[in-house]
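Given below, in the form of structure tokens, are the structures.
Heads up, the next two complexes both have chain A, just with different partners, chain B and then chain C.
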Partner chain A sequence: MSGVDREPLRAHMAALIGGDRSLLPADGVSLVDEGILDSFGLAALVALIESHYGVKVPDGEMSLANFESIDRIAGWIEAHR
Partner chain B sequence: MSTPRTIIDFLRLRAAQDGQRLHARFVHADRAPDEQTYAQLERRTRQFAETLRRAGTPPRRVVLVILQHSVDMLPAFYGAMWLGAIPAFLPFPTGKLHIGKYFGDLRALIERTRPHALVTYGALAEELRPLLSSVDGAPTLLLAEAVGADAPLAGDPRAAVVEDVACIQYSSGSTGLQKGATLSHRAILAECEGVGEFFGLSAADHFVTWVPLYHDWGLVCDAIHPLVLGAPFTLISPIHWVARPAIALEVITRYRATVYWHPNFAFNFMTQRVKEPELAGIDLSSLRLCGNGAEPCLYDSHEMFARRFAAVGFDRRALGIVYGMAEVVNSVIAAGGKGGQGASEPIRVDTIDGQALQESHRAVPVAAGHASARRMLGVGRGLKGTEFRIVDMADPTRELPDREVGEIAIRSRAAFHGYYNNPEATASRMCDGWYVSGDIGYRADGILFVTGRKSDLIIIGGENIYPQDIEYMVAEHSQAVAGRVAAIGVDDEKLGTQRLIVIVESRSEDPEVHKDLVRFVRREVAARLQVRVDRVYVAPYKWLFKTSSGKIARLPNLKRLHELESVTPEVPE
Partner chain C sequence: MELISLRAALFLLGAALAVALPLPQVARRSALLGFNLAFLWTFDPLAPVLVLGVSALGLLGCRLAARGAPTAVLLLLGLPFLVPLFLPKLPALAGGEADIGNVVGARMAMFIGASYVTLRSLHTIIDARRQRRVPFSALDYLTWNSFFPTIVAGPIERADHFALTFGRLGRPSGDDLREGTIRIFQGLVKKAVLATLALEWARPLQAFALQPAGLGTGEAWVALYAIALYAWFDFAGYSDMAIGAARLMGIRLAENFDNPYLRTSIAEFWRGWHLSLSFWIRDYLFLPLCGKSKSRVRPHVAAIVSMTLCGMWHAPNAGWTLWGLCHGVGLSVHQGWTAWLRKRFKLKKWLAGNPAVQLVAILLTFHFVALTWVLVSIDPGRMGPAVTYLGVLLGRTAGS
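Showing the complex of A and B:
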């Protein structure tokens, strides 16, 4: 498991659906499949990754595939910081 | 070469006269841009035409083109046109591939349209091939990658006349609701002429957008129109832009672009999402038209954009508006811009009484400080060859006087031939040669103002979404009450577009069932329509208020939505 603090990521995703944490799927489940994260949400997520975790996301990496679940986002941050 | 009369004539003219000049540039997130000259465009078009010809594609049959952001998109499209076949772009599935659901909608379209061929890319073809085997009269699958650099070239194009159908433009939607507007060379070229003349566009311009080519706006205003003018254009992938909107500013700066189109929400999105450090080195002073369209154009959206980017050379006089829809090739009414006719008449702002608009359907001017003042942006005057009028919503033959709100009807040289294989749908929209648009608005001093939609059509980021599509798919859940689901687009000033909410009734009171229902709604809508539901509300049985005709009443239900908030509480982001 990566040592990335996932709480800010979960809070960010919960805010997208009205704040109810109990409606968030498990960390490994695709937030894209769940209809929670879409391409319009990428820019805000990238801003969070850059500001909170201090990792710059290059243009070529900005895809939903890289960030589709909490696990994948945390894994990406871990690998790039 | 004689005077060009069709789109293919223009393509050949450019290749003959300006073969080595830039036709198009495709910007990528992970590598240098691909560039294509007019000579390369013609050669590649002839290669696609020959591939289709050898596959037996006859004139007047439809060819679907489903390609990702690449320089082969337009050659595949024009290649079909070269043969006198009828190309139509469709979106490719994005995100994680829900091929079964994507295919379900594609199948409905194929059964109605009976296309001869489908030009696509290898990965999608592999997924589609087994599914297409169950469809009667399935189209021949052709891979863009298989058309090699030295593939044989087609001979001369099939002789065409201006009234021939050049292409089909599909509306968004699913479950067979998609309608294909058939557009002739005459209609498309008339639209280009009108827009070009109004904004004073020429071969000296450079167009930029991220609006995709399967959208009529992207296709006509950013690809066909530049070809007609002999002006280059640069396309950014929408996925790239949405992840980092500053890319559009960088592209405008790098290529000294003069024309940049995007829908209303993008004014808000860019203002809010572009970070201050990203403005280093940006210079927008080359822009003479920053055009808005494809969804309601809002005063606040223009203001925030103009203020934010003034420091990097954005001139607010460049703000422009186009109004139209696929049935009139996209843009037939326009305002603003700083290079053409709009320069002498800036976009009109009309301050009206919002309450009177709701209650008495009249646009009554009030002072800016009035309690219910609402600032409307004029979308402009009819372009060359286009007239509009405001008609009674119940009787489209009756024209209404100035400042009375009614349905917008349009008569234009850019009008479509009708919906492909769907004469009933065509007849329902035409009245004595006027296209009755379904949009609501008023006229003042010859200027059109758009106030809303007659139907409950939802428009998010310039994409049309039919509430019925969502209502049908949500009702598939065993715990949802069929016929008692409402999908509503709520105007959101912060976003500059609508956000989607769904209210679904359930007989169950079990919170776990409610959670399952909420997740189901989000999943299904995202998978089928590739749109995000902003909020899902589960309501008790018979909560939704319906009119006497059995229709779900939008406003009354929105007004009492707070009753449901305890189920799915809103929190500030």
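Showing the complex of A and C:
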């Protein structure tokens, strides 16, 4: 497990589905497959990663594959800070 | 060269055998480049020169971008890429015949303007700028960018994906040979049989600009469905043949179609239709236009702009521009609906799991896409006939 604080990520995703955290899938489950995250939501997620975690996301790294689940997002942040 | 002909089959066989000779990879790749240029030459003697020119420009752009050249320099370098896209419009702009055949070089301009070579070149420049590296040596770059199975109508094979199997050039496995042959056969059936049949049924739509009178509503709907099927069979059939031909040489191309007409939304449609173009648009237009912004509006604007440009890439005329705009607006509206529904997550899940709802969604998506084909299938240069045709679909009478 990475040492990244996942709460802001979970809060961001929960806000997308109306705020009910009990409906969020487990951290390892694909947010794309669940219909929570798509290309339209990627920019806002990247903005959150940059502003909250202080990690710059290069243009070439902006893809759903890198940020598909909470686990993958946290892993990416951990690897790049 | 006719793509479905004995000559084309012999050409492919010759290329597959030539690159399979027990020679060093440099010699195999040089041989393939020779076949690529010979293939282009059969279309027009100047086509190899133009494709090599655009590719050389792309390679130069890559090298400059990898060294961190200023954006202004790269934009200046990119301008010539746009010229082929608009050359076919010159006759009309000059007030003369709209027949592109009347303009010297316009045939090649259409050929490379259609412009898979351009999109491939541009993506390597953008990636080189991002990653600070050039994907291929000069020989490999030219060979990849003029790869004859993909030169006419894609897929827009990206350099990084092509590189995965480029080392196996001329060394196809048994699976490659079997799968390649099957894909070519599947492509032939789609393109030569199914697309031809569908086209027959679509004739009233295609001929509508010249023969609008007497077309009934029922016949118009049948022709609409037929043109939608024709577009799919023809294009997917070509992609199958390109993928199969490459496979015979040991190269695996990215897939280009995945049941596009069985999708439950316009966003899903673009995950099944012309994937190499749709992913190109997403990665090199849509996402950069979105930026890294929390704005809710900006992705909608980005989608509409990206898809309108996508339409203009097909051809810079009213029909294709409007086609792109419709798809962009469709994506934006769908996203608005999705965002609303996502807030009601239980309802969203229920709808996604309900077969009847899914069937309705598939039908709605298919009809939206089919109706947009009207814009580009009658006379993309003017919208009057397309609008009249849409009226016939709604029960109005044409030409009386």
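Here is the rule we use: the second predicted complex is superposed on the first by the 81 of 81 C-alpha atoms of A that agree within 3 Å, B and C clash if a C-alpha of one lies under 4 Å from a C-alpha of the other, contacts with A are read in each partner's own complex, and residues count from 1 in each chain.
Definition applied: a contact is a pair of C-beta atoms (placed from the backbone, for glycine too) under 8 Å apart; a residue touches a chain by one contact, two chains touch by 3 or more.
These numbers come from a predicted model, not from an experiment.
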Just chain B (first), just chain C (second), both, or neither: which does A:25 touch? first
After the superposition on A, what does A:42 contact: first (chain B), second (chain C), both or neither? both
Determine, under the contact definition given at the top, whether A:17 touches first (chain B), second (chain C), both, or neither. both
A:33 in the overlay: touching chain B, chain C, both, or neither? Say first, second, both or neither. first
Tell me the contact category for A:65 with respect to chain B and chain C: first, second, both or neither. first
On chain A, which stretch or stretches are contacted by chain B in one complex as well as by chain C in the other? 16-18, 20, 23, 35-36, 38-44, 46-47, 59-60, 62-63
Enumerate the contact residues on chain A facing chain B in the complex. 15-20, 22-23, 25, 30, 32-44, 46-47, 59-60, 62-65, 68
Within the complex, chain C is touched by chain A residues 16-18, 20, 23, 35-36, 38-44, 46-48, 50, 57-60, 62-63
Under the definition above, what is the set of chain C residues touching chain A in their complex? 127, 130-131, 267, 282-283, 286-288, 290-296, 298-300, 303, 335, 338-339, 342-346, 348, 352
Chain B to chain A touching residues, read off their complex: 29-31, 94-96, 238-240, 242-245, 247, 269, 273, 275, 461, 515, 518-519, 521-527, 530-533, 535, 568-571, 573
